[in-house]
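Look at the two complexes coming up: subunit A is in both, with subunit B in one and subunit C in the other.
Right, the complex of A and B next:
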């Protein structure tokens, strides 16, 4: 219970800070919309190829927005020297990590709430429950991995370069399986197998990152 | 019985020797001042004693526990004020303390007590970013005593405090074992029973025992 209450407190703190400063979400929302506008002009979109192109554009926008969102999760704490204060309490590092990942995932989900309707508008694809669930499931796994590596690189100077190098290879399964799920859902096919695989990947990486968080966060 | 015993604490940053086999011991309820010029190794030593950093070599025992192994258990009994206040600028003073109440597992009612103790009872609703540097430092000191720690480690806590700062430090250190790094010798004499003088990472004077001032 204490672990959950600490994780929720950390997430609430991050979300409250973001709500009051509005540093990250407006910029990310602008970024994902601009990415869609550029893709809309860059590709010759018509009713035949929209279903094939839209998932790729969606995941590209999500991956880059995620790198920024997860990178800021720990970089901001390091800059204001508050991470150490948090880690020097009796709170379990895994609970602190879970709270940070939860907040970062929710912030990315807010961007997805802008991204998905904009995608439907620009590409003329239909949004369904399957599309949304595939994106949200991938967000969970991407968030825990992104936050773990963000915590690792937060103390080094070249963190903006290191974070994508470390994170992107491990996000590939989410992009591949999520891309298949979204493409199938947009084409009106069944996505059950891909969605199940995303859920398996989420469970695997949530467990692994929770175990690794202690070693990453505890100096 | 000593509350804290550090033996041959050595810290290297690459080829630079920041601390060179420093021995330190402090009894329960005792107040120790760590003095020295900039770069003498005060912050490095205090970070090790607060379990915020691991020494390259040497051993550290706090409350009879090995500080290299029992870090989390010890952190529940240690309060640390670092160089930077490390506050959340968008949260109010009370929210900052309330958040740390959850992390430390103490009741929220402690927030009002601590705000009163640090003289910020009227500023509880102000965002930390809008507080003066001195008030931020008071808040950082309040956060360090939120969980009523038995050992306080204070790294230049007087840096931004006003003339009442010494009284505040005396209040929070009362009844606790405390180690304080400062450049202010008068403050050290007022608050502490003993001093440890560092120069270039080494204890100056008596090599293995602390120099008694009083």
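Right, the complex of A and C next:
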């Protein structure tokens, strides 16, 4: 119970500071729209190939937006050395980690709220419940993994280099399964199995990262 | 390894369909197994380090990660050389090939963490976490041929489909490769010990004000 309330407090703190500065979300929203523009030039999109390319563009934009978002997740803590202060309190590191991951996941979800309609608008694809649920389920797992490695690289030299190198390989399962789900949904077929698999992956990584959080945060 | 080479090239029969290029098989599969073994050592070393803070476990993990990456590289390169004449291409985005490439990238990332994190406790802890998460990919690589329909053939050794002579050559190559991996880890472990000792002995240079330094000269 206490763990959950601490996690919620940490998440609320992050979201409040984002609301007051409004620096990450507008930049991310611009970033994903720009990714769609770049995809247009890279793929020479026309009305025939748009639906086939859209799922790939969606995941590319999402993965790179995620890297930017999680790269910033510990920026404020690092600049003000507030992570050490939080760790000095009696709060369990796993709870602090869960709060950070929750806030990062919500920020990424806001960015998805821009990305998905933009994709539907520019690429002419249908947004079904299956597409949204696949993307949101993938966000959970991506957020816990992204936050774990963001916490790690926050204290390492060359952190901008190391975050993608560590995070992207472990995100691949989500892109594989989520990509299949989105492709199937945009093609109009059912995606029951892929959604279940995404849920399994989420559970696996939430458990693993909460066990590992102690070793990454605690110094 | 010379003994293994003798068995591969002189004893084992030439494949009826693929010709001499099939002889890559012995080293390709053996080094893949050796890589799995190395990464298992990284996993165990990481768990023991996080649990007991045992520096020897960390050094062992460090040594095994490097050797594992080397053997994964050997596996990938050998596989590509074999794929060119048989599949007609060096690379296809097949589940096993892709997951092996990801495995290589994960452990290359592990080695990067070791270089970039602050040496000592921090590097050891961070690397242990990466090593534990990275190991998730090993069963994925191994079972990829059964889980998905792949171009890469499934296991032939445990399924008893190899002719006896090929099996003998394979087992000897595997034993030699595993032995080589063990020796390489042992050598690297020794290097890690020496490097740790050297790092301990290096006394940070005394901070001298520029004026004093000039005066001394």
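Here is the rule we use: the second predicted complex is superposed on the first by the 216 of 219 C-alpha atoms of A that agree within 3 Å, B and C clash if a C-alpha of one lies under 4 Å from a C-alpha of the other, contacts with A are read in each partner's own complex, and residues count from 1 in each chain.
What we mean here is this: a residue touches a chain if its C-beta (ideal position, glycine included) is under 8 Å from a C-beta of that chain, and two chains touch if they have at least 3 such contacts.
None of these values were measured; they are calculated from a predicted model.
Of the two partner chains placed around the shared chain by superposition, subunit B is the only one that A:90 touches, whereas subunit C remains out of contact.
In the superposition on chain A, contact of A:80 is made with subunit B only, not with subunit C. By the touch criterion defined above, A:30 reaches neither subunit B nor subunit C. In the overlay built on the shared chain, the residue A:157 is in contact with subunit C alone; subunit B does not reach it.
Comparing the two interfaces of subunit A, the one with subunit B and the one with subunit C have residues 219 in common. Contact residues of subunit A toward subunit B in the complex are 2, 5-6, 9, 13, 16-17, 20-21, 80-86, 88-92, 96, 218-219. By the touch criterion given at the top, residues 50-54, 71-73, 75-76, 78, 80, 82-91, 95, 99-100, 102-105, 127, 140, 143, 147 of subunit B touch subunit A in their complex. Remark: subunit C residues 50, 102, 105-106, 108-109, 112-113, 116-118, 122, 125-126, 128-130, 132-134, 136-137 touch subunit A in the complex. Per the touch definition, subunit A reaches subunit C in the complex via residues 145, 148, 152, 155-158, 161-162, 165-166, 168-170, 172, 208, 212, 215-216, 219.
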